[in-house]
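One chain, chain A, appears in both complexes that follow, with chain B as partner in the first and chain C in the second.
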Partner chain A sequence: MILILSEKSDITTNQVLDWCIGYQTSVIRANAYDLKIAHIDYSNNYILLKYKKEIIKSTKIKAVWYRRARIKYKYPSISIENNQLKNRIKQHLHEEWSEMIRFLEQWFKNNSVPSIGNYLLKDRKLTQLSIAKQNSLHIPNTIITAQKSELLLFFKNCKKNIITKDIGCSLSFISDHLIIDGYTEEVSKEFIDNLSDTFFPSLFQENIVKVYELRIFFLKDRFYSMAIFSQQNEKSRIDVRKNDDEIPNRRVPYQLPKEIEHKLLLTMKKLNLDTGSIDMIVDTKGDYYFLEVNPSGQFGMVSSPCNYYIERTIAQELQQL
Partner chain B sequence: MQSIHYIPNSLYELIEDHFGKTIDDIKEAYQNQYDDIIDEYIEYLNENNCVFFTDHPECFPAMNLQWDYPYKVSNAIIDWNKNSNYNIFEVLNQLDMLHCKHIQFRFYDPIEKEFLLKILDFLNQKESIINSLEIYIPNTKWIRQEEMENWFKEHLRISLICIHSSFDDEIIKITDDKIFIHTKQQIISSSHCGVISMNYFSINLKTFTESQHYNSCLNRKIAIDIDGEIKNCPSMTQSFGNIENNTLKQTLNNSDFTAVWNIPKDKVDTCKTCEFRYICTDCRAYTEDPKNLNSKPLKCGYNPHTNEWKDWSTNPLKKEAIHYYKLKDFKQT
Partner chain C sequence: MNNTKFYTEFSTKDLEKLPVNYRMLTKITSTSKIISSGSENYTGIKVKLYNTTIVNTPRHYSSISKIIDFE
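What follows is the complex of A and B.
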């Protein structure tokens, strides 16, 4: 039996699931709240999991795909007046639960249950950039600063062409009247001039003049690459997520040079990632720049325009693990 | 956003034979005799956004044109008229078990509203994998525009409702992938089907790749005609048994049944030389030579050699075949 941990709205999971069912692989797809830890048996070394109404022994699980999101728990409501105490208890329950989940993941690891993806570690942009650099990939000039004067100097050194983006994950906020998405934005001289002398530490990066961007899905030593010609379209010049439907960006299959694949492979190994969506750009000189890798990134946007059938490959992979 | 561009045969040859070469190399390959024309071609392709220029053609491999689908069957047609009395719920049960996601219901005669609602509720209650329904029904007393539009919200599976034999011709786009149609056309039997027209061309990667390998109408399709006969398509004569005493699963395992899936346009007479062959629909039920399984669709008025569309039904060369199917039709009713 194969366990897929995901979230309800993830279309990619549905597509992989279709292939699994087509191959008659027995599989459980657990979204955030579907799975509970019912019992941990130390003497016989197994964990009993409750999936909806079913009880599943952890030893029955032959492979795990950590697709997205962690297993969550709906904490009981607490009827205590003292708000401070109430929050502390909530936090404590959360910590207790997280420890159990961590143990479950560790259990699969210790018992050599093969998997795709990983929850335990998540190095973000900052570490990723330094590891990529150590493996002799180009990265854009990058600083994190809280000082206007430093930023101005950086701005000058980067030929007055810089961008800013999130340090961790991109911000996404939706309420009734307001939608905010943390996109990559160009930073102008005017913008810097209007800043106060110090500000919250932020990430700035040289804006590489790109010929095209690359989206690369990595799975167990294999690369599925796609070039995006975002320059055709003013809106998506800085951030392809702002693509508009009128003039779609050209998206075509891409073959990375072997040398770049090799450096990426070393980077992924060092980051302990067996899968992920890598962002790169190619500049006018033909140099490849590593930007970041999203360990649970979407690959549908690479798979369908390039006709790669990555969803089918993952299903086959899960079956063979 | 999809569009098709016509190119002369010589440009096709240029693209096929000189893929990835520089413009200068291409010109030279033609002994620099056609430099002006080649420039014109490249400009045309560039203006229409069909090409880009690069110093690294080795990084841009040709796309793999594979096509695949997780399940044995992807779509079904269910026909129903006033004389039909097979168990439609049993058919849906079996389709659900086969993971068939797309179903087209064609009601040729007026039906009760309750019957239709019962079908929708049935799928709802079983949380069926069937996720897209097209419903063709004749204009009937109980049909109210507003109420029907609401159905799209209440029954998320519905992707298309077509009211035929209506007073009007009108297409209403409910959302990007949900359509409400009124048509004056009287869709009273399966013989309405099989018309080939540019309006039905489907310009996308899925159709393009599927058509390279499989039949662009029948691949992964199963159908139940008005009498409950299991067929590749209700218009076809060959039945693989009645649903009352055969299962869809058995039928799908019968290689005679799936044989027609493996007739791509490249194997169809005339179509094999047509520039539309990978975006065109097909029809194996009504063909120019009813005895030849690889014959061109009867209801296509296009001649790929002259590039002209003509009314297929008045073409004297097709008279014989039209006559043949009319007789058949007559016998059936």
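What follows is the complex of A and C.
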């Protein structure tokens, strides 16, 4: 039996499942609240998992795909009046639960259960940039600063062409009638002039003048690359996620130079990632710049326009693990 | 949907303490209620199968569901 840890809204999990059903692979998909740890048996070395209403022994699981896994628990509401204690209890329950989840992943590793992805690894842009540079990949000039004076100097050094983006993940908020999303944005001199002398530490990078950008899905040493001609559209020029539905960006399959693949491979190994969605850009001189890798990034937007059938490959991979 | 470019409801005092990019958060408003696939009240797609059974499936955008007659 193969365990897929995902989230309800992940479309690509559905598509991989379609292939798994076609291959008659025994598979269970657990979204956030679907899986519970019911019992840990140290004497017999197994964990009993409660999947919806079913009890599954961890020894029955032959492979795991950590897709967009966040195993959650609905913590009980506490009726005591001391709010500080109440918050501390909530935090403590979360720590207790997280410890069990950490153990579950460790149990799979200790018992050599093969996997795709990793439960605990999250986006770590800062570390990724540093490791990519160590492996001789170009990265944009980058600073994190909380000082306006430093930012002004960086702006000058980058020929007055810089962007800002989140240090970790983009802020995303959806309520009944409002959506708020953080994107990569250009920073002008006027914008900097209006800032206070100090602010919350923020990330700034030189804005590389690109010819096209690359979305690369990495799976077990293989690269599935796609070029996106996003710079030709004012909407998506700075952030490709601001796709223009009326005039969509041209997206084509792309073959990375072997040298870049080798450097990316070393970077992914060092980051301990066997899968991930890599963002790169190619500038007017033909230099390749590494931006970041999302360990559980989407790949449908690469698979479909390039006819890579990545969903089928993952289903086959899971079957063969 | 109404795209008003940036969210501007933070006070000047708040912005001084927040990351710089909080001044450029994209704001989209809608007069109707936004239901995303992650929303609690998302109930999936109603699919009528060939045998006339109606199923309510969370397997939205599944490629298998594409071959099912939605009529």
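In this section, the second predicted complex is superposed on the first by the 316 of 321 C-alpha atoms of A that agree within 3 Å, B and C clash if a C-alpha of one lies under 4 Å from a C-alpha of the other, contacts with A are read in each partner's own complex, and residues count from 1 in each chain.
We adopt the following convention: a contact is a pair of C-beta atoms (placed from the backbone, for glycine too) under 8 Å apart; a residue touches a chain by one contact, two chains touch by 3 or more.
Every value quoted in this text rests on a predicted model; they were computed, and no experiment measured them.
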- More chain A residues touched by chain B or by chain C? C
- Which partner does A:261 reach: the first (chain B), the second (chain C), both, or neither? neither
- Item | First (chain B), second (chain C), both or neither touched by A:274 | neither
- Please indicate which partner A:180 is in contact with in the superposed arrangement: first for chain B, second for chain C, both, or neither. second
- Task: Pick one for A:34: touches chain B only (first), chain C only (second), both, or neither.
- Result: neither
- Task: Check whether A:283 is in contact with chain B, with chain C, with both or with neither, and answer first, second, both or neither.
- Result: neither
- Message: So in the superposed three-chain picture, is A:150 touching just chain B, just chain C, both, or none of them (first/second/both/neither)?
- Response: neither
- Query: So, does A:18 touch the first partner chain B, the second partner chain C, both, or neither?
  - Reply: both
- Note on the structure: So the chain A residues that chain B and chain C both touch are 18, 21
- Listed in rising order, the residues of chain A that touch chain B in the complex are 18-19, 21-23, 227, 229, 245-246, 248, 250, 252-257, 286, 304-309, 312, 315
- Item | List of chain C residues in touch with chain A within their complex | 7, 15-34, 36-39, 58-64
- Message: For a test of understanding, state which residues of chain A touch chain C in their complex under the given definition.
- Response: 7-9, 11, 14-15, 17-18, 21, 164-167, 171, 174-183, 185, 187, 191, 195-196, 198-202, 204, 242
- How about chain B: which of its residues touch chain A in the complex? 1, 49, 52, 55-56, 58-66, 68, 70-71, 99, 205, 209
